[in-house]
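To keep things simple, chains are lettered A, B, C and D as they appear, and every chain counts its residues starting from 1.
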């Protein structure tokens, strides 16, 4: 158990290290320099621009030798300092991200978890139920095959433009300022629904299909046949099959995270939903490298944590791993 | 699991029955706008020129004068008057009875302080100290600016473009804070005060005891002004159609059809070009490279581009073709028509070919493209930043035009920093650029066009990216700066000389006038500015620097819709 | 053990019998043919201004026109072509890497496995967008090819994992042991003993990679990290949104590309299940 | 009390048509009898055993009657059969190695199965433990997961579980094939012991390894190409088989203990007929050294030529006649 975790941990740390290094490269690799971009945004007068140039170069520590910048970057990270945004100068990146993160959490967690549970339950249900297998599963295939943004566009077009039932954009109505009133929460959910729905639907399809295919294998596994031979009722056989089929689905979740993140990004873009995804696009368009950097760093951390949790979860639900770690083997 | 979701939906629906329209800010007294803020509001420092939240300067902080570009008039604002009491002394009479919105009296010392702080901190106003000797407070309501060598045009620009700040608050700030502080809780003299802000919006609240109510009988109608962070075009356009914005200053493709479509959306002009021209889109040519350094070649390019196609197809007629001089319509009086008639260019492929041939550009290897007189191949690119959709379309037209006359010019779309880098370091061949907004004087244009010294272009970032080197032009630009603001004839004289150089040498090629994108909805507010006789002719724009070009007056003229 | 030839015939037999496979394949083929012969049906380039702007589908403009009067059908056809290209190249590379990594890891186990596993995990976690961002700035023009290659090089991890597991289960089979005992080189064993027994599996992996690549490409194109010198289905959606096709009600601009992607990839998945049922007797239903 | 199988026909559905894997089997297993079932792979012996307990597609019930202790088994009805499975008729499958749910503790799995069969686990537990002792499994296995057990242990665990309800008939399908020789012997002995202790009344042991049958079986039944060829007490089959196929089979064994199916039947040219469209007459005739005209047209019936000795061969009938 212990050395399993130490190994895992080692991998995670290494990954983090590499990822962060790549992340650090982003602004440095970009041609031209951020300060010029910044000044170009602030249409200043010649003289002022000249002075500002040197000032900001210092402020961003871009005048230091690279290795020193790299070192400082690590130090800064552990101080939770991700530099200053250019797009939103002079706001610190970390602050901007922290303001955006809640939107992601409330959008991603429900859609991922709900779709995962619903999808698996449904897939298991559909498997080997002929009419369902032939009617609903094709829909499932189309759903998972649908590009996130396209579904988002469709929903937006139909439910916000053609039939204006839901709002087309933003996380809350323009007439509201954050507060914990019922009205605000209601308003929030109202705006939350379309992005949630489009994310949910696409993922749901994927999980349903995955589980459906898994469970069909499990129902043909030896232990299932043995149960049948012993005359165990269908219910028990299916329950066992489901329990076994869920395992790969958990790993699947870990593998999917990256793609889901990308999906969330484009969905937020379509609905101008102020999460990290939307922030990233804004940052990319406005070449705010420090913001881009911060956002990616955040995604990296999120994904790593999620992966770790899934690892732990997996150990809990799959005895084989646990025992394998215990040193015993079949 | 499905039940859960259905329940969720039901819950939402339930919560909304009736609640949806229960708003915190009453729609009928709120003014919704968008088009300035490219990210969450993050700075209320009026000296963060490119980044302060919409309205920080204009709604909250104010300037000494307003300037009306359509009538070319200065409107006394925080200053009652400004006069040259001697050739080198400019005396400002400060308005009495103005209060900062924290209750403190606004006096001459605030004005003096504002000028003085520009000496220590690098802000937009700082360059004035290149020709300003001292700022003296005569009495509480009189300030004298003493110049060594007054640059009238430049001063004329500063007096309406520089926010006056309260000494009692800013005196304690460090230089860093002044130049790049966040500047939260702004204290200004303006008609609106900071109310709130979040990820997607900035909210301003009406200042009940704004000095202009009594002093000028001005009363901005909206109680709240809510500026929404820019979203994607489709969202913006969608919300315009649904009348969710009262004023939108985004570039919205297809707005023409919306205006015609009877959605209650209007623009300044009822028909093409719909928008007031806000700036000129130039084709920059890099004069440090061959063959762009050859006037004949530049002339050929100028004649090869079918600007009408850009205007009609790419922009759907919401922009208009630029005058060969590139001067905006508001500066029409400065355009030397005869000169333009004589030296100007227009779309004429045949002539372009002729010019090329005449200058020795021939298609030697008959690949359909001409080679330079010295026989070397010509393969050029014209660039705009990737994602700037309208420009990306435009340069396709440009390159097609050039290829049609035998110039091998290909469109390229680098990311913005590359574009900027090639611009600042003169590594591009040709590019589109529209750095200069409308202003009180063509001098800002020529200053930009003939910026020098060339060595410092990269750091000054204020024009002449094609590296046009002509002492005469530089001198003329400075000369223009020294002409008195009122002296139209004097200005014309210098400008026509500049135009001559411009038209003969073509250091850059003016293509079209970008609009001051502005679409207004009559759903909640009416009496918008328009070209119509009976309506006001202010600028309906929230862009930085436009509130003090009569934008604020536009607010005061609004009427709630019945 | 029945003879391979007979086996293949049998597969064909089931393949033709299998409804899912038939439907899936025919949809994919339909679009493939459309992508191949389509260009003959139009004589425009994708960005030519060919007609009136905002023109809904009509006889002369089957899919209508864009804001600039470009022919949407032309864009659609060429976009399809690009998508298939991405699918084949990206999916191909992805599968190849996945197979190599998976095989080696699964066959050798031990340290090599450890290492490759680590590599896989790392690639999974690193935000590919970030890398693409850096790369993109360095390529003056990004083409479909570059994009495909990039996708291939970032999309292989899950394939590697799956194949690793398969190899694990296979390497312990007697016929592999036999080969090992008789001292055949590992690589040879992999490709002569193991691979043939996984052909079906590899094929299915490729199909999934194929579909995945198309989806990823669409996403990248949509946020403007796609090709800068060509049209693609993702780019069409990007442009449609950029030019306000939704509020302007230009559904003909943004519906076809997404629908095509959904149809193609969905069909691919369907094909995959069909194949599964064909190759795996247990799943054959009669 | 006994198992009576009468003219049982079970076909395999394939796309090319029915494969007549079991084409009319008629035999009896008396109480206390351990019957070995042998034949080349594909001769239908697994079909026979499976059809008795778990007859599901692609297997198709065509005809015949199965009586267990004078009670007809509705083997064609998956659901109805559930009342008999486990309690009256049970099996130790070929795949005993992975017959148990890998992610359930064995004890828990057992209790869940019992519960599902409306049997109280608590009251059964003592008996279960006793039997674990009998097969020399520690009680801890109940708190273990299958992968914690060795092959042999799993095998034994399944044996215990399958027989827990004292079924009347137990089928053991190739249970020894996966085990090493010593374990094989042990397992085989246990089967006998189970019978002696009357955990099971009668057994049908299907195997490749005649040497095992030689040790434990009371009688042996030989199948060929979906048909019964010969059934007789073990000694008879081994020492004086009558059916030519049996003879070849036995004689072709170089020495007891070799799994003959792995090599072709030496000396006999040809291979078993396709059961898709089986030839008329005797199905063995093509390979039969003594075949004659009659074998070509008429199918030999499976008749008792001596007490407890059944064969299906015209030649032998003539001898008798």
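Of note:
Operating definition for what follows: a residue touches a chain if its C-beta (ideal position, glycine included) is under 8 Å from a C-beta of that chain, and two chains touch if they have at least 3 such contacts.
Source: prediction; values computed, not measured.
Comparing chain pairs B-C and A-C, the larger number of C-beta contacts belongs to A-C. Averaging Cα atoms per chain gives one point for each, and the point farthest from that of subunit B is the centre of D. Think of the whole protein's Cα atoms as having one middle point; the chain whose own Cα middle lies nearest to it is A.
The geometric centre of subunit C is 49 Å away from that of subunit D, both derived from CA atoms.
Computed from the mean C-alpha positions, the centre of subunit B lies at a distance of 92 Å from the centre of subunit D. With centres defined as mean CA coordinates, subunit C is found 22 Å away from subunit A. In subunit C, the residues that touch at least two other chains are 137, 224, 240-241, 246-247.
Of all residues in subunit A, those touching 2 or more other chains are 30-31, 161, 168, 269-270, 285, listed in ascending order.
Residue positions 232, 238, 387, 415, 417-418 of subunit B each touch two or more of the other chains. For subunit A in complex with subunit B, the touching residues are 30-34, 36-53, 55-56, 59, 85, 87-91, 96, 99-100, 103, 114, 117-118, 121-122, 160-161, 164, 168-179, 182-183, 185-187, 189-190, 193, 200, 269-272, 274, 282, 285-287.
In the complex of the two chains, the subunit D residues touching subunit A come out as 53-54, 56, 81-87, 90-91, 93, 95, 98-105, 112-113, 116-117, 145-150, 158, 161-162. If you check the complex, the residues on subunit C that touch subunit A are 114, 117-118, 121-122, 124-131, 133-134, 137-138, 157-158, 161, 211, 215-216, 218-219, 222-224, 234, 237, 240-241, 246-247, 249, 251, 254-255, 257-259, 261-270, 273, 276, 282-283. Contact residues of subunit C toward subunit B in the complex are 47, 49, 53-54, 67-69, 136-137, 140-141, 224, 228, 239-248.
Of all residues in subunit B, only 232-234, 236-238, 240-241, 252-254, 257-258, 309, 313-314, 316, 386-387, 389, 393, 396, 412-415, 417-418 touch subunit C in the complex they form.
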